[in-house]
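Both of the next two complexes hold chain A, though its partner changes from chain B to chain C.
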Partner chain A sequence: MKTAVKPPGSDTARPTDGARPAHRLPFWVNQQLGLLVLIVVLAAVFGTLRPAFFNERLVLFPLLRDVSTLTVVALAQMVVLSIGHMNLAVGRMAAFGAFFAGFGYDRLGLPLVLGLVLCLVAGAAVGALTGWIIARTGVNSFVVTLAMDFALLGLVPLLYSACTENAAFTTRPAGLAELRSSSLADICLGPVCGSPAVPQVAQFTVLALAGLAFLYYRTRTGRELLLTGANPAAAELSGIPTGRRVVLAHALSGTLAALAGFMAAVGTGTFRASIGDDFMLPSFLGAVLGGTLLTGGAVSVVGALLGTTLVGVIRKGLDLLGVGLESLNIYLGCVLLLALSADRVRTVVSYRKVVRST
Partner chain B sequence: MTTLRNQGAAALPALRRFSRSTTMTLLCVVVAGYVGLGIASSGSFLEGPSVRTFLQYLATPVLIGLAQMVALCVGQLNLAVGALGGFSACLMGVLMADHGVPAGPAIVIGVAAATLIGLLTGIFIVATQINGFIVTLGTMTILLGAQYRLSGTRTIDGYSDTLRDLGRSAPLNIPLVFLTALATAALLAAFMYRTVAGRRLLAAGGNPVAARLSGISTDRQIVLAHTVSGLLVGIAAAVATASLPGVNRSVGGDWLLPSFAAPIIGGVALTGGSVAVLGTVLAAFVMRLIDSARAQFSLDPSWVNFLIGVVVLGTVVGGRIHQTRIERKITAPGGTSSAQPRGAARPAAALPSTKGAR
Partner chain C sequence: MSDVLLECDSIVKVFPGVRALDGVGLTMTAGSVHALLGENGAGKSTLIKVITGVHTPDDGRLLRRGEEIHLRSPLDATRAGIGVVHQERNLIPGFSVAENITLQNPPSRRGLVDRDAMTAPAERCLAELGLDLDPHRPVRELSVAQQQLVEIAKALYTESQVLLLDEPTASLSPQEAEHLFDVVRRLKERGTCVVFVSHKLEEVFAICDTVTVLRDGRSVLESAPLSDYVQDDVVTLMVGRQHSVTDMTPRTVDPTARPALSLSGLNTAAGHRDVSLDIRPGEIVGLYGLVGAGRSELVKAVLGLDRVTGGEIRVDGEPARIRSPREALHTYGIGYLTENRKEEGVFLEQPIVRNITVTVWKKLARFLGDISSRAEKDVAQDLVDRLGIRVSGLAQNAGELSGGNQQKVSLAKWLAAETRLLVVDEPTVGVDVRTKHAFHELIWELARGGLPILLISSDLTEMITLADRVLVMADHRIRGEVPNDHDYDNMSGQIIRIIHDRAHPAAAASNGTP
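Our next item is the complex of A and B:
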């Protein structure tokens, strides 16, 4: 299964265990392992039922491109969940970032990389502003990001209609089309070429995954973020500048959301206001299925990838099986509820075992 | 805004004055905005037909705001408001148009279905102990799929004329649907402020531990809150079905954000334990005024969302600044009452001792 075994997965599998709750749970409770098994089994089932599922160019390539984008969205949500906050404005921050990328290409004539930088800076700025409001006023992050969502929902179309005639930037800088359609097959090391199933935009996802894994499992700042989420009062008392950590987490979330917006825009080829409209649900699905706690204090970077992949595989598989778009959401919702209840049952059962044995 | 602790508590006149002023401010804003719009439109906004359209489209926002408020008052979030409303509206439409069910029974079935789904959501949350946010996210996905399956891509408009006449009828230029919404709000206010069940809901939301110790089952209150929330969404769906020209899969798509905005502007705390029926109704008024002003000055529709976002942000930030100033005022003269403001910041930290467990 190519979808599951991504390079960063193996890098970070070991340190992930460190972020588990204090009581030692048996290995079969490991959520990541369960997800991986589920993905492999489902892919095998879909592959046997519809051999077209393993068609590298027509099925796996678009599937992996979607998964790459949505994983970054899930990571954007995960970063704020790690401090016990929420970001309801993920999709809108993505649209906001994508606007600046499009603006840079269309109006300023920037090259590909500089436009991406501008997009990320815009995302970081709007995220930092959100974080600053939350840290300064102490108002619930849900309310602030909801209001931010409203404001950007209005602002982004206004910006587009002020800067363009037809509410979209269509100028494509050199390299954008290649980025959109090229896969690892276009990169050859001598006679060995990569798989045509892995899209090139996945490089951003790999970078984001590796960067976040390093931040959370190897650096002091990452630990402080987690501690801020687990117990803000204790974190404050032990000398962690919690306000600054809140701003940092939201700025990171905005940056990642903007990156996801850029990737989505690359996927469709135009920079429009509707980018990120459907980001909110996948952002929570990926992060929560992956084992990130809503209450803060525990993250799973690989889990976000696995959770998003699982949703992507189910979506694509059901689509190939001929399940209509209308029923797809019903199944997805049921899977989410079932997966979480099963997880709950597993945790409770194993916890009881641990308690009984001690 | 009522919190349990200020029930006749003369010790906190400052908090009470503040809580009163939230509603008062909203009332002033509504009156000033209304008069201002009337002057700006040189009187035509105050005439019969304009008043009628204004109130006609106010019924649904009021009802969904109240539905969200009931969930918020026990500290829960209901993300499924829009999807549930859209699903019940489509259910009513399909029953009437395709199965020939008369309008009365169809409305009853639709409202009952919404109530039942709310009940099941509550039971699921209590049984699995999964965060209500995630559970309603799941039910939202399922209901969106169900709504799409019911209606498909068509618009269902072949339903009874009597219902439509009822939805359009407006004695004295006050639409019947608006009166329905007002009556529902009045009943809800009576339930919340005057009945034991309503006070229990607030107690469970304000301080779950204290509520449990005084013999109130918090689980039952969560189930009750979701059921009432479902019932209110069902009524909102009935109102939408009656007043819209037809129902399709886009009904309810834009309900979620306004449903949060109304209670938050109205002064309901997200942590639970407080309700503001009048505040929520007035907040819906304010949002409708923004929409009317937009139409009056023929601005881009995106301005509405932008302004609502700014208003929500302004409300929460302003409220917080106001509260800190009150806290400082209380702490400044004497150190004796220094414990009070902490509790005032979080609504309903204490319970009336009359409801003892034994």
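Our next item is the complex of A and C:
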């Protein structure tokens, strides 16, 4: 069987009170580190095969813009996953939020920032409503968000056709075009300018990442969200207002979805109903690849970024290699499966190693 | 003593940081009841899990009638004639009692599960345990003790040659446990080997004939006849040194003090009628009753988890409307140590720090709601030390601790909160002798320091050790009150008389109505 270890002098008395040494799994079992390595390796491979992969303006800039948006989408999913729920309406909430931004610019003549605020408020409101329904009725989040998805699927195009002629807002407030195309290269500190590969919309992603990292790793509310996800009954009995935490998580999810919708609209330049149509799968993919549990109670904020980046890099690389759309998805599936099983293998191997040294 | 059914030979099981089993042997002979004893974390449950195919041993052999066997899954073990009741509940809440009992081998007709054929065997198993339960009720609606009995019935249904019972009596009252012992004795006559884990040594000495004692993953006594030992010897073997019980400093309660919590004529949606009780500062009030008497439900209603339909709750003399456990904790300073640690007590997949500090985050939070992890660790470490919780680090998940240590973690959270009233529901379920004594001292000292405590327990000895007076509950009503004179025979006689006076007419009445 396994390595049989008989400790030397096995008849000497061992400490009887909790004085056993702490054994932690080694650092390389870290899922995020694994993702990072995978991303770097894949980028190097693609770069070697197609040097154009490292073209800052034509390849990296759009890649990072997509990654920025999809990371926020993954974060929107991660927040609800943290309480053991899911949000099937991320895409439609993004469209809902984006509608209000477009409406603000077109009808109310709002400046760029106020439109964004309106968009976020709309997202938070629809998310909070969803959370409130779940908390009040106790119906599974899957069902409620699915219903919400259908409701918004009908509502958003109705709103657009009521307010616009050709189902899109095209009015662009001052600053929108710059936001769309500018990169760190446009921001200079004296003679040193940033990289033209990093789009300016990435600032929203960085803010969202920093905010959520603070929330989950440092604050009381973040911990309460996690415990609500880990065991709702025990959380309630430990004095956590679980109902309010559910509403909060969904409101946050709605806000982040709306932010992603805004970023997607900035990317294409128009506010239309089809924004967010393809958000749902990436939202789960990024979060789960990054190490967030579907069952609640554990999240990884950086993981959402890395997971999304991995998917983005693979897509872009295969695209450059001239792989057709269908085969691209097959390859993508294989690589993802590999990434997840590699993680499992690492955990098992290291577990054995720690066990052997005990 | 020759017919050996199953034998463990120097079993080793290692978890990260812990050698849970380190060369343990166990011989299971037909027609015997084998006690498996040891302190919390000694490795009893781990051994049982190895025998039932839940864990694969890292070394050692498992012999069935002299032949080596390898169990790859719990199903393999069931097929090999090994039945088990694990320490933690493993029922499917949404399934009915009958479905749960027959789960491992549901009666079927032409490949389809036959629901009607389930009822009869389920009723037979329940009747053996003297349990009058509707087999069609979903398990979710049952109390902890009832679930425990259903779990035992489930093990009886498989009719195994070797039956392993991991703390089956932990949440049962003596009356219910007695039924179980009758069953165990019958099984023994039929030639079954029953392995019995318990921290209640009186029970062990009443029904067991062989004993194995584990300490820190090793056997310090292997398959020895129990009649050669007395309780004190066994305790010394488990603890590793002389264990002496010190008398507790006397405590006095001022009977004129204003009650910290007072219920008067309380009616609830769960069915309580006219419940009145007072708890004064520094007083330990015991609430005793049989399975299903409604003790935990009463507390949950008071904490706002169920509807109070009449009567009045006063906290420190002021009328109170408690809407949630959160309000109970933060506004009224009431803590509730739940009886059901797996479902309601600990967060199994979360680190110990969070499990302990959850009730004090509000106090620790700074301006932005952020919590210094240093402060958090200090609080947790302090309690881990105070209660002697056996952990390999504060970041360890609570689910990896032994049952007794999990219980300590769920108590630690309420001690951290420094509540003004503490409700403890079965505080020493699954806690070993030494720790139980430490728990009792702790509760006693808390009360001596002025903390009012409501003690719910099915352990009569515990009641008589701790409580100042014992309220007896049956059928959701308080049936009587017995001031504690610390004389076991007298007290148990009085309490049982109160229960039986009422239980009989009540049972007859409930049988009359469908």
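Note that the second predicted complex is superposed on the first by the 321 of 358 C-alpha atoms of A that agree within 3 Å, B and C clash if a C-alpha of one lies under 4 Å from a C-alpha of the other, contacts with A are read in each partner's own complex, and residues count from 1 in each chain.
Criterion: a residue touches a chain if its C-beta (ideal position, glycine included) is under 8 Å from a C-beta of that chain, and two chains touch if they have at least 3 such contacts.
All values reported here derive from a predicted model rather than from experimental measurement.
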Should A:236 be classified as contacting the first partner (chain B), the second (chain C), both, or neither?
second
Name the contact category of A:344: first (chain B only), second (chain C only), both, or neither.
first
With both complexes superposed on chain A, which partner does A:334 reach: first (chain B), second (chain C), both or neither?
first
Does chain B (first) or chain C (second) touch A:294, or do both, or does neither?
first
Which superposed partner A:195 touches (first chain B, second chain C, both, neither)
neither
Which partner does A:146 reach: the first (chain B), the second (chain C), both, or neither?
first
Which partner does A:133 reach: the first (chain B), the second (chain C), both, or neither?
first
Within the complex, chain C is touched by chain A residues 1-7, 10, 13-14, 16-18, 20-25, 214, 218-221, 223-224, 226-227, 230-231, 233-241, 297-298, 351, 354-356, 358
Interface with chain B, chain A side, in the complex: residues 133, 137-140, 142-144, 146-158, 161, 281, 284-285, 288, 294-295, 325-334, 336-337, 340-341, 344
What does chain C use to touch chain A in their complex?
12, 14-19, 22-23, 56-59, 215-216, 240, 303, 305, 324-326, 328-330, 336, 338, 343-350, 354, 358-359, 361-362, 364-365, 368-371, 384, 388-393, 395-396, 413, 417
List of chain B residues in touch with chain A within their complex
77, 124, 128-131, 133-135, 137-146, 148-149, 152, 257, 260-261, 264, 270-271, 300, 302-310, 312-313, 316-317, 320-321
